[in-house]
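Following this line, the structures themselves.
You will see chain A twice below: alongside chain B first, and alongside chain C after that.
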Partner chain A sequence: MKSVIVALFCFLVNATIVLSQVAVISHKSVPEDSMTKSVLLDLYTGDIQSWSNGEPVIVIDLKPRGDVKTAFYDFIGKKSSRIKSIWLKKKLSGEWDTPESLETEDDVVKKVASTAGAIGFVSQSSVTTDVKVLLLIQQGKN
Partner chain B sequence: MSLKDLRLSVKQKIGFGLILLIMAGVNIFSIHKMAMLKVELDEVSLNWLPRAIALSDINLNTSRLLLIQSQHAFPADEAAKLHQANIQINLIDNINENLDTYEELKTDSEKRGLYSEEEGKLFAEFDWKWEEYQDLSRDFLDLVNANKSPEANALLNGEGREVFRSLSTRLEELVTINKNDALQAAGRAEIMFRATRNVTVVLLIATMILSGVVGTLFVRYITIPVRQLEKAARTITDGDLSVQLEVPSKDEIGNLANSFNQMTVSLREARQRLEHQAENLRTKNRELENALHELQTTQDQLMMKEKMAALGDLVAGIVHEINNPIGAVNSSADVSRRCVNRIEVMVEEGKTPHDVKQNPEYQKALNILKENIRITHAASDRIATIAKSLKIFSTLDESEYQKTNINEGIESILTLMENEMRGRISVIKDYGDIPKIECYPGLLNQVFMNVLKNASQAIENSGTIYIKTFKENKNVHVKISDTGKGIQAHEIEKIFDFGFSAVGTRVKMGSGLATAYNIIQKHDGDISVESEVGKGTTFNISLPAT
Partner chain C sequence: MTRLNTVMSLSLIFILTSASLTQSGDSPIGIFGYFQNSFQHWTTFEDRKEQNSFSVQQLNLFFQKDLSRDWTAFINFEFLNSFSSIRQWGAANLEEAWVKYRANEKFNLKLGLQIPIFNNLNEIKNRTPLLPYIVRPLVYETSFSEFIIIEEFVPDRAFLQVYGFLPKGETKCDYAFYLGNSSNMNDNREKGQTGIDTTTTFLAGGRLGFRYRELKLGLSATHEKKNGIRTLDFISLADSLGREPSELMGLPKTRLGVDMSYKFTNFIFESEFVTVNIDEGIPELELDLDFYYATLGYHLTEQLFAYGSYWVVDVHSALLATGDEKVEDEAIQTLNIGASYDLNDRIRFKGQFARVKADEELHLLSHDDVIKEEDKFSVYAVAVSVFF
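On to the complex of A and B.
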């Protein structure tokens, strides 16, 4: 009986972590099936602007501050305010038409699902079958 | 075990150790406090101030950004737009650099726990507002690029201004916090400095007081006992051995006092022993003096007996010597009486004086009478001489110091001894021209008599006695030699001892030469003897001729 309770407790704890995972998602046309931290950083700073099949990369940002956003930017190693500086500079110099920042995760999922070459991040719970999950980021673990 | 029973070295160590400990404590305390001061000051100079500067810079640059964005909203040619864009890029770079600086300082301060939660919260809010403002700036740029100046302006002056204001407010608050922290740190440093100074001063005063106490204790435990010891030692030097020191403690000083007390006890005992021995010595000395006195008396009696014996000896000779002339006088008187009777008969026979004169008998009687007168004269002369000699010799008992002719004394003795030596010993006299000397004549005569008697007795049958007197340097010498049997070499060295007689069985002279030796010594003179067995003996007497 005791062991069952312990097992249940462990499951619940595990489940919480699983529930709070951040998913990096892309449009299904994106050829890549997985993603690394450094490539993700290059994509989000505009250093890589097209996929391996030549399709232009459309980066989508989640506007409100929260656990998901913080977890994502912590993972790629830059604070969102710093990333924003890079975007603003690149916009000012005309180097890159910088990412769009959307208000909700659903908007992000919809946008990614409907835009070819799009990439974004949401909490795993918001993921639908319309998008492809490239990477799962565990919160609190870098 | 109390403090005063500790060894001196331990006491010293404790005393100086305490002082050193406190001084070290003062130093460590000061150094520690200085280190803390340095931390505070470092915090101010290395953290809060640079942070405040970075934040002010950010504040300034965000204002500039806003200003240039306001200009950017208006239509302009491409070159102007590019220039404005470049300025904005530079400003963003600058802001990011300052943010880097701030965040580094923030991490540094967080490690030391000097970064307040409030500041962290404020900075997070600022960061969020800054991100929001940048998002807004991008929207603004989209509008500008789409040549929608009025909308762009509206965005900037509306929502933009609002975001900027809250961003600016946070920044200013952050600057204020850092400034206040810096001021507080400076204040704390000042308070700490004052506290440290006060504590240091108090500790130093405590050290001084403790030094005084330690010094006083040293005086009490060392100097005072040592001074008492010194005083006691001086008292002992002055001869007072009754000194006893108090034993103040069980340390070296106490041991010293103990030893000192034991020493005085030993000294007292030693002195008592010495006094006892001295008393014994005095008693013995007195006994010795008595014995010496007795000895002197005995010796005097012995010498007196000796004198009497010598005198008795002499008297026999002298009686004989006097009897001869007396006999001569007697027989002369008898012969004279008969001659006178015969002359009387002749006169009575009636003859004339002429006849009497012619009578051969008369002539014969007269001649005999004349001869008798001469004999009587000679006899009386002889008796007179002996009497004179006796008189000279009789100074034997005179103990007066007087100038005396030694030759005369020797001559008188020879006269008195004539009977003993006559026909047996021939005396050769060689009297020198010697001055009278200061002496006890009676004693000196006894010396000469004893020596001459010794010489006479040493000559068994017949021989010669040779007497010579002379003056040499400042001494008068008397040399008396005999041709007697001599003295054995082993006997010579004790010849002047009491009870020894060189003439063997004749103990009569037992002490004669010893007496002679004493008398000569009494005159600061010298008597020596040299002898050869079978050939004879020579006595040399020297006396100072004053």
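On to the complex of A and C.
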């Protein structure tokens, strides 16, 4: 009986993780309403630096490593360390400024909501009505 | 007079006020840079004794300012080999001073002194925090420029460049085209370094590339006219050939480069080939340079990276003037193993072992004599690279 309860508990925890989603959010001024994986990658590697209306893209990163950050970078197909190396290369070539990394998801939401052209990622539960959701990523899938 | 002074004073106040108002509304100047301190142990080679040396291998200081949404200014000062003007050590260079206009990812225009895009490494050859090497693939090793004439192999400077990429899904086609001076500025170091370029010819070059996910391929080329051949004694060369020095002016020189890099899971493979041909149009003279490198690396963890790398530099020259025919071939092969460890985003520790084999063969055709020299030595190096 005890093992059945443990197994059920594990299943529920696992199901919760699988069902939780990462939201790619942007400032409401951003003209795009949706986002593809390849465009998201180009935005986070600095290959694309402006939105379709010419407004500069301000990329916001989440500092602490965790499920949300892992799911996001797994989705775009780059390890966090590889992304940082790309950022450093662009910074040292004068091509792009390294994105700001914030400590908490709430900070990311507030920063994106208050910065024109900003884009970030947080867990779906942290999203507020102050930002626009461009894409939902299901954790564990890419 | 008083009126003139008043007008001048008011004008000065107006100019200063305008300048300060502009400054206050501007984006701040970004100041950042990096340095690499190393310790290198060289075993004996030729007539040199064993060497043990600490040095500030390189320090670069950048100033960057966004002038407007589309325009950015960038300056790069470089100090090499523990630069000290008092001790007359090392070198200090103004490496870059450019302004860039970015329309979008498809079109960028860079005006001013810059390092042009050529193959994979040229543009970032002096960005030590990006590279796992301490001693870089030889034609990119700026701190060895006293021994290897880097600008003969890869273009050192350009002054105008357009570049960008054309995206199609996950595929990107890169392009870059540039113009600069031919690489013969201040060739004769003994005659002073005035900084005035007397070059009358241009360097023109570019790269076409293809990217798909982690695969990157490129084809680079440059063309220029040289006013001399720095690898050979110019005057005695003309004398040996029985020609006027002016006949060796404006020799067309072409560089061709191929680069490839691929990242697969934790593996990284990078490779480049450069061939340089000086089409002297003089049958009695041949001069060709080749360079190849390949690196296979593996990320043991996200912070720890290990690699093996192989480099070859080949220099072939032939002087086929009557009575003084000689063919000279020089090959430097270097086998490297190394590792780097990222302590954090700003500090990277490095270790490298290089085994260098230098072969030289001089074939004196007129005497039917071959002189061979072979030398081997090793370099053990550790370094810390810091981005600030």
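Just so it is clear, the second predicted complex is superposed on the first by the 124 of 142 C-alpha atoms of A that agree within 3 Å, B and C clash if a C-alpha of one lies under 4 Å from a C-alpha of the other, contacts with A are read in each partner's own complex, and residues count from 1 in each chain.
What we mean here is this: a contact is a pair of C-beta atoms (placed from the backbone, for glycine too) under 8 Å apart; a residue touches a chain by one contact, two chains touch by 3 or more.
No experiment lies behind these values; they were computed from the predicted model shown.
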For the combined arrangement obtained by superposing on chain A, do chain B and chain C clash, or do they fit?
clash
Under the stated touch criterion, which partner chain does A:Lys63 make contact with: chain B (first), chain C (second), both, or neither?
first
Is A:Ser38 touching the first partner chain B, the second partner chain C, both, or neither of them?
second
Looking at A:Asp47, would you say it contacts chain B, chain C, both, or neither? Reply first, second, both or neither.
second
With both complexes overlaid on chain A, does A:Lys79 touch chain B (first), chain C (second), both or neither?
both
Residues of chain A touched: more by chain B or chain C?
C
Just chain B (first), just chain C (second), both, or neither: which does A:Lys91 touch?
both
Superposition on A: which chain C stretch among 76-84, 112-120, 274-282 or 364-372 collides with chain B?
76-84
Hey, what residues of chain A end up touching chain B and chain C alike?
79-82, 84-85, 88-89, 91-94
Quick check on the complex: what are the chain C residues that touch chain A?
30, 32, 34, 62, 64, 69, 72, 74, 76, 96, 98, 100, 102, 104-105, 123-124, 127, 129-130, 165, 167, 169-170, 172, 213, 263, 299, 302-303, 342, 345, 387
Note which residues of chain A are touching chain B in the complex, please.
63, 65, 79-82, 84-85, 87-89, 91-94, 98, 101
In the complex with chain A, residue positions of chain B that touch it:
85-86, 88-89, 92-93, 95-96, 99, 127-128, 130-131, 134-135, 137-138, 141
Which chain A residues qualify as touching chain C in the complex?
38, 41-42, 47-50, 54, 56, 77, 79-82, 84-85, 88-89, 91-94, 97
